[in-house]
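We call the chains A, B, C and D, going by the order they appear; numbering starts again at 1 in every chain.
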Amino acid sequence: MKYFLGCELTYDIAANTTMILNVEVQRGSSQTIISERFVAPPGVEPQVHEVPETGNRYQRLHLLPGTSVIRYEAEVITSPTVHDPASVVDIAVTDLPFEVLNHLYPSRYCQSDRLARFAWREFGSIEGSFQKVTGICNWIFDHVDYIAGTSDGSTSALETFDYRAGVCRDFAHLGITLTRALGIPARYVSVYAFGLVPQDFHAIFEAYVGGRWYLFDATRLIPIDGVVRIAIGRDAADTAFSTFYGQLVDQPKKVWIDRLDGEALEAEWTTSAVSLG
Amino acid sequence: MKYFLGCELTYDIAANTTMILNVEVQRGSSQTIISERFVAPPGVEPQVHEVPETGNRYQRLHLLPGTSVIRYEAEVITSPTVHDPASVVDIAVTDLPFEVLNHLYPSRYCQSDRLARFAWREFGSIEGSFQKVTGICNWIFDHVDYIAGTSDGSTSALETFDYRAGVCRDFAHLGITLTRALGIPARYVSVYAFGLVPQDFHAIFEAYVGGRWYLFDATRLIPIDGVVRIAIGRDAADTAFSTFYGQLVDQPKKVWIDRLDGEALEAEWTTSAVSLG
Amino acid sequence: MKYFLGCELTYDIAANTTMILNVEVQRGSSQTIISERFVAPPGVEPQVHEVPETGNRYQRLHLLPGTSVIRYEAEVITSPTVHDPASVVDIAVTDLPFEVLNHLYPSRYCQSDRLARFAWREFGSIEGSFQKVTGICNWIFDHVDYIAGTSDGSTSALETFDYRAGVCRDFAHLGITLTRALGIPARYVSVYAFGLVPQDFHAIFEAYVGGRWYLFDATRLIPIDGVVRIAIGRDAADTAFSTFYGQLVDQPKKVWIDRLDGEALEAEWTTSAVSLG
Amino acid sequence: MKYFLGCELTYDIAANTTMILNVEVQRGSSQTIISERFVAPPGVEPQVHEVPETGNRYQRLHLLPGTSVIRYEAEVITSPTVHDPASVVDIAVTDLPFEVLNHLYPSRYCQSDRLARFAWREFGSIEGSFQKVTGICNWIFDHVDYIAGTSDGSTSALETFDYRAGVCRDFAHLGITLTRALGIPARYVSVYAFGLVPQDFHAIFEAYVGGRWYLFDATRLIPIDGVVRIAIGRDAADTAFSTFYGQLVDQPKKVWIDRLDGEALEAEWTTSAVSLG
């Protein structure tokens, strides 16, 4: 699928501010960047960094007082791998590659050590790891209400599990937590999401099953094969689209993703197993 | 039912210690004390206090270094009110007597403000307040494991809700929390419990439905009509059987309750609505 | 001191709503109500209740859809007892009257069991119980920032202790928690507060020292002898000025308290020990 | 410094168990392994993995029912870099290498987002980043009691900050949390620690100041230049010396580290800035 996507961020800088952005899409065999453009404010030279282990791409900008507009846009072709869930073969936790083991550990917002008993009781008897994670997503969708304003930046999965309301960040954290609690590696993914209304950065998660990271979204707000990956990490602590040191007021941001390939412009749902590699 | 019950508490006092005990049974129309005896260590004169609002009975003892043995024993006749649950008439939260309203509030170990969404979704559609609380007890029994050593004195209902394991104190706290979350007053009750194995002080809860406080126990460890009430309170913070200021080591305590009425000495289960008034 | 005080509450009722208000001032030897008037919406007959143990006064109103205006106003004379802090004699925790013991227990928002080690280390060496509580208030004032919007209805003293910001409710909760942690009974008090800018209901706390409940306010926003007591309780869970069951939107409320006694209309500070009995 | 170190772990395996160990020391320019030997139970062939980013070394063993003894021993020469703290030059958070930024993020046991206000108020005015972290360690040593049994595997830095007691793991977590809260990267380090009494695995932390990871230990139990690094990670979640999937009972473990270089066998203290690279 071919997309034109991007964002425009506007800040009223009150005092010298250093901003670290993580809005550029990842490069990879399933995400080909045809063209992209990052426009910093006049006179600002970004430092760039791409993390080898994750592919996350950062830009650091030193901004002076005044209004700063930052714009990123890209043409991207994604070629997600799509499988029949029934064909995804299980890997026992004892046979996982060492590389993915750290995605079993609890993290700031995903205290998987506390929900193991619940997770096993509720999902343990579902056959198949992919199906277990699907069961987790269905459970979250059925038991947690998507309500803006019920959580904030310090809300963790345990609080969402208790309070039963949240936004995409909270749905992803709870999904990750329950997945890890079953001994299945899981990570947080920030994305541009085709079909999301209203448009914004979106958060979903990936679980490592059958030797591959498959995409999951318990919010059911978007077709899972319509995402373009920006960043992966253990949870939201690792994948903020912007972090700053200084003083500023942020104006409303614009985020967009449109299809360019002449195919149906409508979002279509899939229950297939979808991976971006 | 007629019982002989009591406890024997042994402390090795290391330095002058003030001990506040709450082990004597409540007096009331449904709990008649035939005889009772409180034996303080030689030379110790207890101060006594019975709280008018609750009926809880305290004894304060100033203990000197050495071994102190404290013994309480009583013959008690209980005459619980037993109703068919189907006959218990609902009272809307908006029509509750003012006197019971404070048992709707969240307390130290029962953060009912955080579980309202869950409680309404899970139990809201059950017809009848008594049946709702029964539903809560069934849910706890089905979803929480009774395992000694998984909780401690700082464990609250939210932690039990997450971790899904605990002991009688935790079962009672979670029951109270979910009951209050539905707008039904609930309180913590410490009791002598006939049929409990091994014998110890036991914790259950009461819910105010149909104009009366009915007894509930989500552990299913005892017949609910075989309890003798010691103390009521908002949660375990209010009803400790002993509190001390000083320095001591406690030896294993003895707690007992035996039937004296020549009737079946076996515990028998009931699903009736049982109240001690 | 003589005051004219009151409040006006406006609600847009969307569906039949039961409202429980706790806005009337307490009666007592130190708070004489010269006159008072509670104006319910036309056709609404409030049920009233005064709790014997606390003196809190409730009104329950059944409100129909539409706009409801509720007004309370009173002329009140307060005659606080004022002592030199140096003259307040200590009572050991082991000699406290039984009646106040339950204000030593931890409560929903005041987990005093968790901060005992800190409290003793920081305040344990201060001579005198009154001075210990003063030390607690000074510490809170020095270490916690008063910032609106940093807390909400679920914020407890532990969170304020960690985050070091909050509003009057949080300052009172932390003060209560640290006071109880030292073995000194403490309770939450909602008040009309002369000199508070901007005017609103205010929250402070009382500690039981020297045989009396003395007033404390770690916010230093008001003169402590200029308060009129509405409600006392273990913490904010017990003392909400309004609780409702139904559906409504609340309009901005008005709260006022003015001096009527021709004396200085300016707030003046005191470091005396002040009690309303 | 030259050491002979190692550990011997004994497990009574009840059912087939997969064990992942992380007990071998890291290789590096400051840690030269002269010789080492890992002895798995007879017939067990460990899979090994060394993580490129961290240098952590894992061994995975599939153990059958029965008693399994696992032994690791090594001769290691460490050559820590030692600087005068006054010579360590500050790096502004805005100039940190991108590689270390993820050690600024909060993690499972180190919720640095919640303690920023405290950290800046308490340590913000200390000149120099190294000195700030030293100030944090001094504060922890002065304000937190080292008491075994006051924490468990789910205890996080916030709980230690409230409760003011813990063990090495908790001291390290709180140190990391406060360091990150000041905008200084920090990570958890598990070590063999010369001079630790009684011998066991030990936990300390590293802060990234002046372009280097310096070692810190708020417990003051060991000389900081006498450690040999096993694993680094965000917190204890990343660095468990053993993780298992199966069923077992663990017997008491042996851990040792002795000096082989003929120099003083006594632990000597240093306040220098010490780094293992």
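Keep this in mind: a contact is a pair of C-beta atoms (placed from the backbone, for glycine too) under 8 Å apart; a residue touches a chain by one contact, two chains touch by 3 or more.
In this text the structure is predicted, and so the values were computed from the model without any measurement.
Visitor: Hey, which pair has more contacts between C-betas, A-D or C-D?
Guide: A-D
Visitor: Using CA atom averages as chain centres, what separation in Å is found between chain A and chain C?
Guide: 45
Visitor: Between chain C and chain D, what's the gap in Å when you average each chain's C-alpha atoms?
Guide: So the centroids are 47 Å from each other.
Visitor: Nearest whole angstrom, what separates the Cα centre of chain A from the Cα centre of chain D?
Guide: That pair's centroid distance is 31 Å.
Visitor: For chain C, which residues are shared contacts with two or more other chains?
Guide: 114
Visitor: All pairs of touching chains, please: list them by chain label.
Guide: Touching chain pairs, listed by label, are A-B, A-D, B-C, C-D.
Visitor: Residues of chain A touching chain B in their complex?
Guide: Answer in residue numbers: 114-115, 117-118, 121, 143, 145, 158-159, 161-165.
Visitor: Within the complex, which stretch of chain A touches chain D?
Guide: 18, 20, 47, 49, 51, 53, 58, 60, 62, 93-94, 98, 101-102, 105-108, 110-111, 113-114, 153-154, 183, 234, 237-238, 245
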